[in-house]
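Chain naming follows the written order as A, B and C, and within any one chain the residues start at number 1.
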Amino acid sequence: MKKTLFTLLGLGVLLGSTSAIAQSTWDGGDDLPTAPLACDGTPGAAAAKEYDGAQPTNAPDRAGKQLTLVDIPKLIGIGYFGATSKGMQDAAKELGNVEVTTDGPTKANIDEQITFIDNYITRGVDGILFAANDTVAIAPVLKKALEAGIHVIGYDSNSTPDSREWFINQAEFNGIAKSMIDNIAKEIGEDGSFAIVTSTFTTPNQARWIAEMGAYAAQCYPNMEWLETVEAQEDNILSFNQASTLINKYGEDLDGIFGMTSVATPAAAEAVTQAGMCGKIAVVGLATPNAMRPYVKADCVKSVVLWNPVDLGYAAVYAARAAADGKLKPGSTELEAGKLGKLQVVNGSEILLGPPFVFDKSNIDDFDF
Amino acid sequence: MASAVAAPGHQDRYAGLKRHEVILLFVLIAAVAVLAFRSEQFLTTGNLLNQGRLLVEVGLMALPMTFIIITGGIDLSVGSIMGLCAILLGVFWQKLGLPLGAAIALALVVGALAGFVNGWFITRVGVPPLIMTLATLALYRGLAEGISQARSVRGYPDWFFGLGQGELWGVPTQLWLLLFFFVISAIVLTYTTFGRSLYAIGNNEVAARFSGIPVDGIKIAIYTMSGLMAGLAAWVFVSRVSTTRSDMGTGLELDVITAVVLGGTSIFGGTGTILGTALGVVLIQLLKNGLALSGVKGDGTIVVIGVILILSILVSDLLRRQRGAEH
Amino acid sequence: MAATMALPARASAGSRLRRFLFSQEGILLIAIIVLFVAVGAYNQRFLSANNLSTIFLGNAYIAVAAIGMSMVIVSGNIDVSVGSLIGVLATISGTIAVSGWPLWLAWTLPILAGMAISAVSGWLIAYLRVPSIVVTLGMLSILKGGLISVTAGAWINNLPQGYHLAQLRPLGVPMAVWFMIVLTALAAFWMRYSGFGRSIYAVGGNAEAARLAGIDRARTVFIVFVIHGFFAGIAAVLFATQLSVIQSTVPPNLELTVITASVVGGVSILGGTGTVIGSTLAAILIAAIGSSLVFINVSPYWLRAVQGLLILLTVLADLARRRKRARHR
């Protein structure tokens, strides 16, 4: 009996003490400096930067020759990387002299991703396209690829610049942040309050966006209140549960929810719909149009922020082709990318896809991915 | 003393296991032959040594896992302990400003301690191993996240990468470490009283207790060892990938257990060898690598590994029973 | 350990109540009540109808899957592939629904598929005597790899009207919760009072005694796995019909959550003891803990640590209870 009581007491103490480690918000947590854009959208004067990528050593002359590329995303089996992969196939078909296969780990795991890349280096390919699970951890194996004369192009999430030639930047972190915050401000007002549903705190892109969103909101909408951030993995139902719990917890005090992944945003929209709070709680987030179409059509979600992942994959293949042909080299200022036209080179060795795109009711039917 | 307990059926078990390892070796050779035929890059020294580098973390954790499963236990928390140690290594060094060497040593101590906690609760409080380590699977991962606040630690000095990325006499450094512990573990399991006690505990714990084997002490020792090895694996891993994150090693416990079970260690306890485990670890790594090189994608590879796991155990089991029937 | 099961049901009402309170089910129920009262006192919205609905609706499929898992564990086996199985079955359900077949097929075929797949595992385990952990570790890889190579992770959108079974609310209670309650009650009753139900305990508790009592071990284990597939199928249908899209991937760590619910619910991993009422209560407790952490503002970094501690505490409370009873005997 004593022991049982003691244990139950311990349980109580534990629950009590948890408030001591309580924290209301999370600031993105990657210690990197933030660079919020100006509130009125004046583009910051980007200082021209020297090329800071790395070139493959003793790469054979591949100009105009058949290229075998391998695409190793963070993980396979999710809609987002399915879309980038589709874009790559489109580009390969258009170019005619490129072959791309997508392969990768089934969970977003740095270790497995490294192993995959390592295997393809051994197997011998002409180029590697990657979306890094960790900026630094992936660097050694990419350097190894460069040393083997393989072209290395990143997309979606970067590695350290000295371990790849180019990176296709879907949109600057601060640009995404501005677009997200501005869009939610339109719906909830400049003094509204919001909560965030993200995948995990360790996911680098999400962490960067959240940090930039916090900085931008603090600068441009000082009265906006950031209630909290919750983790929901890349899991549909967990995202739904977490979003529902936020709605239940804050009730009237919650004006908007951000979804930081293409899994979290539709689940948050679903939670708002099932709670009957459409129009009362705004949902803004990163997501693919197909997953969001029902909610946008039902007027439950007004704006979905995203670059086009199909274009992202498409541009990555064009960059690899251009690098192999010697057209894209240190000092280049733009990339000729088929139907996308000319893409700017920014920030040393990054190729910018363009400003983030906002899907709404008027244009969502134009996209199918 | 322990040998007396293990004696009945000892001969049978030994012969049966030998069979499993022979089968596994046969599967391994067949796999290597087929894969070498399908991809000319597969059977090259460079590739094989590189695969050796990649399997070290799982290998290190699989050794004490073999001990634990032989006693009829299990440790699901190894992946989380690895994550915790990796994070602490970075935090001790960067946040607390300790010398890197001291940080490594402390992280190893924490790993051992984490394993000791498992062992202590399992033996002294009587929590079943599966439940205990299921709880600490969540607990240790949570501590890693809480302590690191999900921040990664980077910027280690160059010498630190020697273990994970360097070479010694032409062989990846960490492979020597694994070989060293492999030999030690094999000797301990085969030739010492301690090793024989493990089989005795797995075969019949009550009988082992009555014959004077310090069951609790031995169990605490092997769980502590498991934690320590997970810490060591964390060190190797951080050194190999040059950064520290709290999600490192997620799900690795299943890889480790798969390798051990594939190696013929019975999940019910009482049987298993280090050689079998080593074959299991190598076979899985070579399959992953060889299939990738011969153009099979990752999702296809895990299907093949699943099939081979079931089939190899099935076949060796059937053969053993057939042999048993002949007697 | 098996005492809760084996004791004659002739005791007086008072002692029966006391025995219930000190059983694993009783402890879980008390823990759930304490948690609800404590967190409700901290933030009343925790007890709002909406939040209760979230806690139950969002996790009912875990409780349903844990029923089958509990039977598997009671029979002395384990299934670590259940998460992948549910992922595959949910995708099958969604694929049928969008291909224009009648909806009742989308709800029932996954259950049959679940029984068929699980029958393969059960056959390997029961008749070919491959250890269950080996078979199901293998199945985990096979199902997961197979699913990804077939779907490439494409989501299933545009599910037809009326497909969303789990969202129906007969008498104001979500359908998923009805399933959870009714299935738990039926399974508990069946396991306790039917001959076959009791033979599961016998096989898991003492295989030799079961053999002497004329119980066919292999047949029992095989049937248990088929039943487990049935529950996994229902769980998958609830999982698939809960939201407007189906992710067609394997939900991360689902197998661990299901196994945790079973073992925290008092199902001994050594086989032979435990009830499905316990596993359902445990599933509720785990879900409630997840929700309450958001309500009491625990920094989300510590979420997993707290979950782990709570599992440990529940088990410790159970051990303390068993020791006490052993002393008093």
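By definition in this document, a contact is a pair of C-beta atoms (placed from the backbone, for glycine too) under 8 Å apart; a residue touches a chain by one contact, two chains touch by 3 or more.
As the structure is a computational prediction, the values presented were derived from the model and not from experiment.
**Q** Where centres are the averaged C-alpha coordinates, which chain has the largest centre distance to chain C?
**A** A
**Q** When I count C-beta pairs in contact, which pair ends up with more: B-C or A-B?
**A** B-C
**Q** So the centre of each chain is just the mean of its C-alpha atoms; given that, what is the distance between chain A and chain B in Å?
**A** About 34 Å separates the centre of chain A from that of chain B.
**Q** Find the geometric centre of each of chain B and chain C from their Cα atoms only, then give the gap between the two centres in Å, rounded to an integer.
**A** Whole-Å distance between the two chain centres: 29.
**Q** What residues in chain C touch two or more of the other chains?
**A** Within chain C, residues 144-145, 148, 299, 301-303, 306, 309, 316 contact more than one other chain.
**Q** So which stretches of chain A touch two or more other chains?
**A** Residues 21, 76-77, 106-107, 201.
**Q** Please list all residues of chain B that touch 2 or more other chains.
**A** Residues 145-146, 149-150, 297-299, 302.
**Q** Quick check on the complex: what are the chain C residues that touch chain B?
**A** Within the complex, chain C touches chain B at residues 80, 124, 128-131, 133-135, 137-142, 144-146, 148-149, 256, 259-260, 263-264, 268-270, 299, 301-309, 311-312, 315-316, 319.
**Q** Using the touch definition up top, name the residues of chain C that touch chain A in the complex.
**A** Residues of chain C touching chain A: 22, 27, 30-31, 34-35, 38, 43, 45-46, 48, 50-51, 54, 58-59, 61, 144-145, 147-148, 151-155, 157, 167, 239, 242-247, 249-253, 287, 290-291, 293-303, 306, 309-310, 313, 316-317, 320-321, 323-324.
**Q** What residues of chain A sit close enough to touch chain C in their complex?
**A** That would be residues 1, 3-4, 6-8, 10-12, 14-15, 18-19, 21-24, 26, 76-79, 81-82, 85, 106-107, 201, 228-231, 233-238, 240-242, 244-251, 263, 266-267, 270, 273-275, 290-291, 293-295 of chain A.
**Q** Per the contact definition, I'd like the list of chain B residues that touch chain A in the complex.
**A** Per the touch definition, chain B meets chain A at residues 39, 41, 44, 46-47, 50, 54, 57, 145-146, 149-152, 154, 165, 237, 240-243, 245-251, 288-289, 292-293, 297-299, 302.
**Q** If you look only at chain B, which of its residues touch chain C in the complex?
**A** Its residues touching chain C are 121, 125-128, 130-132, 134-143, 145-146, 149-150, 254, 257-258, 261, 266-268, 297-303, 305-307, 309-310, 313-314, 317-318, 321.
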